[in-house]
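Here the chain labels run A, B, C, D, E, F, G, H, I, J and K in written order, and each chain numbers its own residues starting at 1.
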Amino acid sequence: MASQTEVRLTVGGERVTARDVTRGEAIDLKNRDPESLHDNMRIHFHDVFGEPDESVYSFDCVWTCAFRLFTNVKLWTYRIVSLLCGLPLAIYWGVYFAILSFCVIWCCEPYLKAFAIELGCVRRIFNTLLAAFYRPCAETIGYIFYNIRITRQ
Amino acid sequence: MASQTEVRLTVGGERVTARDVTRGEAIDLKNRDPESLHDNMRIHFHDVFGEPDESVYSFDCVWTCAFRLFTNVKLWTYRIVSLLCGLPLAIYWGVYFAILSFCVIWCCEPYLKAFAIELGCVRRIFNTLLAAFYRPCAETIGYIFYNIRITRQ
Amino acid sequence: MASQTEVRLTVGGERVTARDVTRGEAIDLKNRDPESLHDNMRIHFHDVFGEPDESVYSFDCVWTCAFRLFTNVKLWTYRIVSLLCGLPLAIYWGVYFAILSFCVIWCCEPYLKAFAIELGCVRRIFNTLLAAFYRPCAETIGYIFYNIRITRQ
Amino acid sequence: MASQTEVRLTVGGERVTARDVTRGEAIDLKNRDPESLHDNMRIHFHDVFGEPDESVYSFDCVWTCAFRLFTNVKLWTYRIVSLLCGLPLAIYWGVYFAILSFCVIWCCEPYLKAFAIELGCVRRIFNTLLAAFYRPCAETIGYIFYNIRITRQ
Amino acid sequence: MASQTEVRLTVGGERVTARDVTRGEAIDLKNRDPESLHDNMRIHFHDVFGEPDESVYSFDCVWTCAFRLFTNVKLWTYRIVSLLCGLPLAIYWGVYFAILSFCVIWCCEPYLKAFAIELGCVRRIFNTLLAAFYRPCAETIGYIFYNIRITRQ
Amino acid sequence: MASQTEVRLTVGGERVTARDVTRGEAIDLKNRDPESLHDNMRIHFHDVFGEPDESVYSFDCVWTCAFRLFTNVKLWTYRIVSLLCGLPLAIYWGVYFAILSFCVIWCCEPYLKAFAIELGCVRRIFNTLLAAFYRPCAETIGYIFYNIRITRQ
Amino acid sequence: MASQTEVRLTVGGERVTARDVTRGEAIDLKNRDPESLHDNMRIHFHDVFGEPDESVYSFDCVWTCAFRLFTNVKLWTYRIVSLLCGLPLAIYWGVYFAILSFCVIWCCEPYLKAFAIELGCVRRIFNTLLAAFYRPCAETIGYIFYNIRITRQ
Amino acid sequence: MASQTEVRLTVGGERVTARDVTRGEAIDLKNRDPESLHDNMRIHFHDVFGEPDESVYSFDCVWTCAFRLFTNVKLWTYRIVSLLCGLPLAIYWGVYFAILSFCVIWCCEPYLKAFAIELGCVRRIFNTLLAAFYRPCAETIGYIFYNIRITRQ
Amino acid sequence: MASQTEVRLTVGGERVTARDVTRGEAIDLKNRDPESLHDNMRIHFHDVFGEPDESVYSFDCVWTCAFRLFTNVKLWTYRIVSLLCGLPLAIYWGVYFAILSFCVIWCCEPYLKAFAIELGCVRRIFNTLLAAFYRPCAETIGYIFYNIRITRQ
Amino acid sequence: MASQTEVRLTVGGERVTARDVTRGEAIDLKNRDPESLHDNMRIHFHDVFGEPDESVYSFDCVWTCAFRLFTNVKLWTYRIVSLLCGLPLAIYWGVYFAILSFCVIWCCEPYLKAFAIELGCVRRIFNTLLAAFYRPCAETIGYIFYNIRITRQ
Amino acid sequence: MASQTEVRLTVGGERVTARDVTRGEAIDLKNRDPESLHDNMRIHFHDVFGEPDESVYSFDCVWTCAFRLFTNVKLWTYRIVSLLCGLPLAIYWGVYFAILSFCVIWCCEPYLKAFAIELGCVRRIFNTLLAAFYRPCAETIGYIFYNIRITRQ
């Protein structure tokens, strides 16, 4: 705003550099869901498996192995998949939300303003027509309900 | 209004020049949404991503990188897109709203006045017809509901 | 009314000349909408554009230029368009409203009077027919609702 | 009624001459709408045109000329059109209302009297038929609603 | 009733002659509508024409002439048309009402009496049939509404 | 009932002769409608014709002649038509009502008695069928309305 | 019941002869309708004919003759027709009612008893089916009306 | 039950003979309808015939003969028909009711017991299905009526 | 349960022999319907036949014979039919009820238990689907009834 | 759980042997339905057969034999059928319930957990769509019921 | 977070090893359903089989064998099936839930955020259109219910 000879370099009056925009601000690695977006995703072995009665008990070794296999397989599968696919998706969503913000701010909002003004004229014509033609019709048809007489005995 | 020999030069009694119409009046670069048009657009990393439980924690480095990538990519993408497309859109919307104002002021408003007068005549004919033909019909049909007798036991 | 030998020259008893009918009465150039016809047309830059959060701030120069371009382009476009098209439209609407007044005063109003008298006869015939044929039918059909007996337990 | 040898010459007992029936009674040239038939036709410049904001002000000369042109054109157009077409329409409506009065007085009214008598007979036949055939049907159908038992818990 | 040798000459015991049946009884020429049959036909110039505002005033001479022409033309047109067509219509309606009276008195009334007796028999057969067949059906269908139980919480 | 050798000669115990059955009993010639069958038939000149305003007054002679012609024509037309057609119609209606009485007394009444007995049997069969088949159906369908629970807030 | 050797000769214990079953019991010749079956058949001249106003009076002789003709013709027509057709009809209705009594007593009544027993079985099967299949359906469908919540403001 | 060597000879412990089962028990010949099955069959002459007014009296002899003929013909016709057809019908109905009793006692009743047990199983399957599939559907559809808000003004 | 070497010989711990299972327990021969299964089958002569009036009395001998024939024929027909068909039907129903008991105990009941478990899973899937898709739809449609405003005058 | 070298041999920590799993625990042979599953199956002779009146008593021997045959046949038929088919069915149902338990525990339950999570996402998309498109529609349609005005007389 | 040179080795700041993720934590082998997921699966012999009455008792040995067979077969079938199929299913569900968690966290949640913003714009356009076009229509149609007049007698 002050010296517009360096126009490309300021946002909100501060100089912009090509460095990391998070300024090294660390993310909390212990609590990774501060907005509680995914509380229904905390799933452990006993939320899924259960043998209710002695008559449907499998052998001890089967039950113990099933517990160990389910827990380990679920943990490592998630870690490997997120290692492979997590970062590309983070970039993709970054670009997506930037484009979306641009469209909403520079295109949709002005269009909505103009649209409201244009429909205001249409609405006045429409109301005049309705008041002239259809409201008398509707009121006339309504005289059908004019003569309801109830006799209680 | 005083000397109409200089007609092209006054608006509201002041001389018009070809200079900037904003008279150098600066825009506030810190608060760019004084009308609060876009409050639902303030989106950061934790509004979108979250890992709720230790059993679905990705590696620390994946989570930290995802945070940095998403934030930086979103920021710079918006800046570059607005740099490229912002100014043409500003011109486009300026022309659009000027044309729209002209049409509403010089064409729609007079037409709506004349339209209301013309429909006033049509409405009188229409009301006369309805009162003569359909209101007696409706009232007659309404005699169907004339004999409702309710016996409570 | 006094000397009808000069019939072409008086309206309401005053002589008519070919001079300007507004008699030089000046129009208020500061307040051009005394009837508040177009309050929803007062549109400035911040009614249309806004960037809500630092993460979606474009460069300062882009934002400042967009503000200047939008305001100037809108202003001058309206001025030029109204300079070109305003006066022919004023003449057109003058002729239109004069013709409309003539038609309503000399044609529609007498026709509506005669139409109301003619429909009065039709309405009497119509009422006689309805009272003879359809009202007994409707009342008879209404006996369907005659035997409603409600037993509460 | 006294001497019927001069039958063609009296109406209501007074002699009729071929002179003007208004007997020179002057019409009020200042207040030409004593019955307030056309109050919605009082339309001036500011009922139709308005520029609400400085950003949509046209040049002063355009606005002033538009005001003068609209007012003058509307006034003279009406005067010329009424000069050309007014008197033939007055004659037309005079003949129309005389014929209409004759038809209503000598044809419609007697016919409506006779029509009411004829329909009286039709109505008695119709009522007898309805009371014999349809009223028992309707009452019988109505027994559908006879056994409504409501249990409130 | 006394001497039936002169049967053709009495009505209600008085001798009938071929002279005028109104016995010279004069009709009131000033108040020609004692039953107020046509109150909506009193139409003068200002019930039909009106110029509401100075901006839609025609020239004085046009307005004055229109008033005189409308009033005179309407008056003389009615007088001439009634002179030509009034008397034949009076004769026509006299014959019409006499025939109508004869038909109603000698044909319709006796027929209506006999018709009511005949339909009385039909009605008894019809009622017996309905009471045997349709009333049990209707009551049985009505048991659909037997089990309405409303639970209010 | 006493001496049945003269069977043809008595009705209600009195001898029947071929003389006039009215025994010379005179009919009232002044009040010819003691049962008020035709009150809506009393129609005179002013029930049918009327000129409401001076501007629609016909010439005096036209109005006076119309009154005389309508009254005389209506009176004599009815007298002549009733002289020609009245007596044959009286005979026709006498025969018609006698035949009608015979049919009602000797045919319809016994048939209605027998018809009521026959339908009594049909009705019992019908009621048994309905009570066995359709009443359970209807009650079962009625359980649709069994669970209406209304929560008022 | 005592001596069944003379079986053909007794009814209710009394001997039956071929003589008149009415035992000479005379019928009342003055009051021939003790059960008031035909009160709406008492029709005389003034129940059918009437001339309401002097302007629709026929000649005295026409009115007097019409009265005499109607009364005499109606009386003698009925007497002659009943003389010709009365006795055969009396025999016909005697046979008809005897056959009807026999059918009702010996055929219809036993059949109705047996029919009621047979339908009793059908009804039990039907009720079992309905209670098993359709009542649960109907109650289930009825849960549609379970959530009616009314908010009054 | 005591000595089953004579099995064919006892019913309820008493010996059965081929003699008349009524044991000479006489039937009441005076009151032949102790259960009042046929009260609507008591029909005499005046329940069927009636002449309401002197103007519709037939000759005395016609009326007297009609009375005698109707009464005698009805009586003897019934006696002869019942003599011819009564006894075969009594035998037919005896066989019919015996067969009917056998079928109901030995076939229908056991079948109805077994049918009720079988349908009990079907009903449990059916109820389980309805509670699983249709009751949730119906309750869900019922949420349509959830938002009824009534504003009284 | 004690000595399973004689397994085929015990039921409930008692030895089974091939002798009569009723152990000579005699059945009550006087009261053969202790459960009152067939009260509507007690039909005698006067429940079926009746002659209401002396005018429809048949000859004494006809009435007496009809009584005797009906009673004897009905009694002996039933005895003979039950002698011929009773025992085979008793065997048939014995086998039928044994098979039915076996099917219900060994097949239906276990199947119903398993069926209820299987449908429990289906029901949970179904409820999840309905709560996700249809309940919001139904509630949304219900907003149609949201704006009911009643104005009482 | 302690020594997993013998994994195949423990369930719930106890060694498993191939011996009878019921450990010789005897079943109650007197009360074979402790859960009252089949109370409607207790059917004896008089629940099925009955002769209500002396007129429909079969011979004593028929009734006694029917009682003995029905009771013995039903008892032995059930015993023989259950001897032949009971044990294979017991094995079949044992296998069926084991497989059913396995499927429910290892397949259905995990699938239902995952299914609920997946539908949670679908539901959020669905609710957003409904709130944007259909709720405004429904509320707008609801304005039809906005103008209910009730006039009580 | 501290030393990102060992990035692959930490989750939540702790080093990750390839050892068992359950750390030898033993599972409770006695109570295998702590969340009570399968209470309806506790099925024993008497929940499925029952013989209600002595007349439907099978031989003692049949009943005892059925009890032993059902219990043993059900127990061993479940043990063998779970030994064969349990562990592969545990692995399958572990992979399935890991993939599901990844999709919900990295794909669905961001998409839902963006989707809600996009629909916000659509909703504003939609509401403007509805308010301009359909709300006046609906209110106009609602005037049909405007004239309800109830007369109580």
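To be clear about the criterion, a residue touches a chain if its C-beta (ideal position, glycine included) is under 8 Å from a C-beta of that chain, and two chains touch if they have at least 3 such contacts.
What you are looking at is a predicted structure, and each value in this text was computed from that prediction instead of being measured.
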Those chains which touch chain I and also touch chain D: none
Cα-centroid distance, chain C relative to chain J, in whole angstrom: 74
Rounded Å distance between chain A and chain G, as computed from the means of their C-alpha atoms: 80
Rounded Å distance between chain A and chain K, as computed from the means of their C-alpha atoms: 23
Residues of chain H whose C-beta touches two or more other chains: 1, 11-13, 26, 29, 37-38, 41, 43, 47-51, 56-60, 64, 71, 74-75, 78-79, 82, 86, 89, 93, 97-98, 101, 104-106, 109-110, 116-117, 120, 131, 141-143, 145-152
Interchain contacts, given as pairs of chains that touch: A-B, A-C, A-J, A-K, B-C, B-D, B-K, C-D, C-E, D-E, D-F, E-F, E-G, F-G, F-H, G-H, G-I, H-I, H-J, I-J, I-K, J-K
In the complex with chain I, residue positions of chain H that touch it: 1, 11-13, 20-22, 26-27, 29, 32-39, 41-44, 71, 74-75, 78-79, 82-83, 86-87, 89-91, 93-95, 97-99, 101-102, 104-107, 109-110, 114, 117-118, 121, 124-125, 128-129, 131-133, 136-137, 140-153
Residue ranges of chain H touching chain G (in the complex, touch as defined): 26, 29-30, 37-38, 41, 43, 45-53, 55-60, 62-79, 81-82, 85-86, 89, 93, 96-97, 100, 104, 108, 112, 115-116, 119-120, 122-123, 126-127, 130-131, 134-135, 138-139, 141-143, 145-152
Residues of chain G touching chain E in the complex: 40-41, 43, 47-51, 54, 56-61, 64
Chain E contact footprint on chain C (complex, rising order): 1, 4, 7-8, 10-13, 16, 98, 101, 105-106, 109-110, 113, 116-117, 120
